[in-house]
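Given below, in the form of structure tokens, are the structures.
Next come two complexes, and both contain chain A; in the first it sits with chain B, in the second with chain C.
Then we have the complex of A and B:
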């Protein structure tokens, strides 16, 4: 249907028309039908073999889009973690520490290639297990995961160029714990640089998203990676603690919440273990009045609603210059109305399912707090599937800096909007958080971008773009968003003992 | 009859001023056979917090100096120390733990260490930072930034070389420092304060406290505005420091069980000592019309 826009006609501006979508027509379902080749039950991958957990315990992995159980996942216990580190140690001593960088690189190339071969199958599994829209797992998670293996494969025999003048050696066996928001991609971020630098790995996927990690073990077998070099153990928080506290772990690399990150710091205090922590964020996306507005609206939408907002670097605080706030928010609301929330496997879905019931409840609690503290809530009126965990894209206006929704990481499709008048006010508000992972800047003026980029206390600054990632681009935070970098030349240093 | 010499009252160096501890407490520094030399200020947790406030205030100014300017100022510090090197050597040897020959060697190594890092100020970025060849039409570059205020606790011995070896790589990139000097011989650090004051280094970039580790360690570890710690500690102290520092997710570098000799090793001077207290910032920008 064509409708006249509400904008007043003027001599300089044509009376424009716009397409209204809304619920006028239903989209036909467009499901991705590739077979994810799931098993009913999975096994731990230790010392190159699939093995039932010595703990004999299992738990179900639930499809958040349907609330149905997908597969039975082993819950690794103490004996399993002991075995995994023993394997990582012997894998290090027997094979990996003796192998040339060139050969380590060749294994990583193989893994990258095999992952590309099976990328559609893995993408479907990822969307079923984690709830993210298939277009994201297909076009972002999988290609980016393979790209990380390719990137670090090439570094394996060139490490001395990454650390000029340094003496360095690998840690040996390292423990890695990854989150549920980008399960396979985070696995690639962790495993690729660790192996390229000559370490061996015990890695634990998040409790709710273990399937692609355990499927990935099949690829390691197909690549004929020497046994013990990578060990994959599934489980919950207790399993993670066993890894962190294990005497065989010479380094811990963790991506997850700041709360758990601090617990890891306390647990490893005095142990001499190396650490990389990639923790939470509360990124400011700063829009100046000279920004290309339509482009900025798209960037803000992508910044907060990408992967249901389950992104540590999500642009969850929008700072708009006061003079354009009204028009900007109107355009935002209009854009949000056309976002499609629904079946993660549908190719037209923009926003999939919330990863778990627990996470959905956390989002609901924080949104309630926002309403209670006096911010104005706007939610899309889109329909939601009857089953599964879904949340409407939401924005809060009239947010002040002391509101919980401006300080705490929501990790969901909820945007908090604040305004500012001057550039110094924007900088102060943007930096007024314990976090410092990422930030966005939108302006047409180059010098303003460079000033903001220098002033924002964040590890990644996106200027006139948002949520861009690349294996060659280091990622990681300032302040309580953690330390160490993943990706790029800088990501190598954190997996080596440097002197 | 020999002239009666004037004795100097040792003072800590905070915010470009020579101060006593707010507590007005002192402890005696003794020479060979327990002979009294002077009273050293016994700085407190409150003194530490005050120093952090000052360091944070001047930190942005120091970080915004050009790398060339920071290099010249550090070189100037080297000049100040060289000119008074005999006095520093006498101060090191004062307590009788070291021969004057060893003390002279320590001073020479210390001054060379300052000059080494003075040369890095306008170069480390070229080695550590880079543009990143991302797949897409973006200019993507990673540059370093200083992390802010860093706490330093020096080894008891070598008192001067360990203090300089921990402080200078940290400030050369624009960080500021609150440092606790050797407890067993703080006198060289007190002289160093006078040299810092005449080196054009803005007051407050390096703050030197004297006193006891066990009294201020917990404040160093838990103070939220200290973003990093560069510490000489034993195992037990390390555990206390790392546990308390976890709440503010500090960047920590522990130099434990370091032998005295290790400080004299050429390899001890390193680009990576600078890197330990830098953050990497990566900026993306689209390329196009």
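Then we have the complex of A and C:
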């Protein structure tokens, strides 16, 4: 049909035409100006009260966008963790275990609404403390966090419908440890189902991102949540260890690295504690030659560069069918050219700051390994701010299964591109990983989606989309990506002892 | 030798050739353009660019020579206070071309004329071509034609392509804008396919235009994006740059800037020019001027401070 156009192209011309993504129309800075209402120094939240740490130790939380200290954060020690579990125990006995599901739900609704009321303030705090672009904290983290409270509020008085015919009861006090990539959202994922099912909580935010968790304690006070039901303790790895090993913790819920997850699994073995782990990933995004190409490009970009690639389910391995590999990679490079890297508080920023200096160094190390092992590196030529920890969006071509960058989780804006010829090769390569958290499939053919979603060993398989979340949809992994599910009805079961 | 196509309709063959568009994903993509925040000097620059890309339009049964004359004056000097570029063109019915040409004098503003049985296109090819030739003779620099949507949907694609080619020939030196009337093609797949169908016979610098403005559906960020991506793919494949004109439904500055952001991030800087991108609109100009005066004077002026000769607000 297009025969008439085929006379025109000449191969020399085809190679010389290129798109120009320059600075003809530069955007002025558009900073988000809402006040994050930060304090100079924060306190632990134990038994409904803000309290200075008995350890008397503090550490600084750094703004990764500027490398400046934001606030002083308490480092909870043994005495603090003891007090927190004591409070969680009395909160459970005195209030939470005696309250009806209906009443628990009211508190959760209240928390969700208060979070919505203060969402802009929290979004700015989240972006300053963690480095994620304001448009993501504003449009994703905060609305999703509130949605989780609303969703589980609805379950609180309907638990018998989640587990018809079963006998179940809550664990009581549980210990929860969350990562730095989605600080407030992971807190919501942990606290909302735990409270809905009648447990009480001792939760520790990650060392580099404690501020929104400690701000969240203000919301709990405002919601008049009975004392001891939620206790928030900040600190580093040692504090986490104290929680995991504490005799008062009847269950541990952990989201973080596979390495730490394994240590927790060893530490809790034989203790009788319940355990759910949500660990690393090295997800494959599989693009077939019949896929809607531009939308697949967008999905791949979103899959790997969302939140600077600090996403456990990031689509960090792209598997493209060989017949479209060349055109697909060219389109990826065009798309990367219009990504804006910079100040997390600028509303036009697509990729913000890397969460910490350590993480930046880890990314640099792994990219170096990729180059050393012979993969071809392409990086965006965008300018980076002079201060702060930033990394250019990067893609590696010519990656094979044996490369470190195809096997290890980089947790940064780095995509490894592999190719395949047949559907069985795609499945084999996608599953050739220690992880199994998520995967993506891009095709115009429904039957291929069904086949792939059954064959891919991953907790979530997205079809013609990526990084799509909803509180009603369970999330969790296979293999070294952990076990247990968060979200949905399944997320309830993991906070109940069923007999 | 042509490939064997077993039992496949020509439309299906074309759809296979140009590839599918995912509706949900492309609508998500364009929603991201709306979160861009354009401030201060970048806003002024963008607004002025939109002014320079305007095809100031009046296409009403009740058009008079007086109305066209005031439109032309507005085109030459959009505002009494703010200095802006002139608009790119005025767009009128064929009967008004001579008059518009005269009103514009020696201003460097093009006269565009809709032709080929606008807006339905349901007329014999012979009279449609006569219309085009007459409009060009009367002084039209640009011709906005409509395709036969019925022929597209029944798969008579060769006919559409032949008609576009014939119209391009009848245009001579005048630039051609092919109106796909996207709302009557209904799917993004069809819009992409129709774009390729047209581009294959267009000359460099000719336009694809989304809509007539006479049906329920108009230009949206999503159907604009489908065409931008088709133009980009065609350009990278053949080296032929095709221009685009969204029309209808773009009523305020914020919307117009979002369309421009889509251009910047999809086709790049070379398309940020009236040579390659136009807006077909009638009421947009006054909103642009209102925003530009706000940038200059710090406050919004009341709507009646802007000439309303050709539109309501």
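Couple of notes before you dig in:
Assume the second predicted complex is superposed on the first by the 476 of 499 C-alpha atoms of A that agree within 3 Å, B and C clash if a C-alpha of one lies under 4 Å from a C-alpha of the other, contacts with A are read in each partner's own complex, and residues count from 1 in each chain.
In the analysis below, a contact is a pair of C-beta atoms (placed from the backbone, for glycine too) under 8 Å apart; a residue touches a chain by one contact, two chains touch by 3 or more.
Model, not experiment: these values are computed from the prediction.
Looking at the shared chain after the overlay, A:25 reaches chain C, while chain B stays out of its contact range. By the touch criterion defined above, A:293 lies against chain C but remains apart from chain B after alignment on the C-alpha atoms of chain A.
Once chain A of one complex is fitted onto chain A of the other, the partner contacts of A:338 are limited to chain C, with no touch recorded for chain B. When the two structures are aligned on the shared chain, A:386 is found in touch with neither chain B nor chain C. In the superposition on chain A, A:449 makes contact with chain B only, while chain C stays out of contact range. Of the two partner chains placed around the shared chain by superposition, chain B is the only one that A:472 touches, whereas chain C remains out of contact.
Look at A:56: by the touch rule set out above, it reaches neither chain B nor chain C.
Overlap of the chain B and chain C interfaces on chain A comprises residues 464-465. Within the complex formed with chain B, the residues of chain A that make contact are 147, 163-167, 258, 261-262, 265-266, 268-270, 277, 279, 449, 453-454, 458-465, 468, 470, 472-476, 478-483, 485, 488-490, 493, 498-499.
The touching residues of chain A, counted against chain C in their complex, run 1-5, 8-10, 13-14, 16-22, 24-30, 135, 139, 290-295, 298-299, 330, 334, 338, 347-348, 444, 464-465. The residues of chain B lying in touch with chain A in their complex are 127, 130, 132-136, 138, 140, 142, 145, 147, 227, 235-236, 238-239, 241-243, 245-249, 251, 267, 270-272, 275, 279-286. On chain C, the positions that touch chain A within their shared complex are 10, 13-14, 17-22, 24-26, 28-29, 35-43, 45-46, 49, 157-158, 161, 165, 196-197, 199-201, 229, 232, 234-240, 260, 264-265, 267-270, 272.
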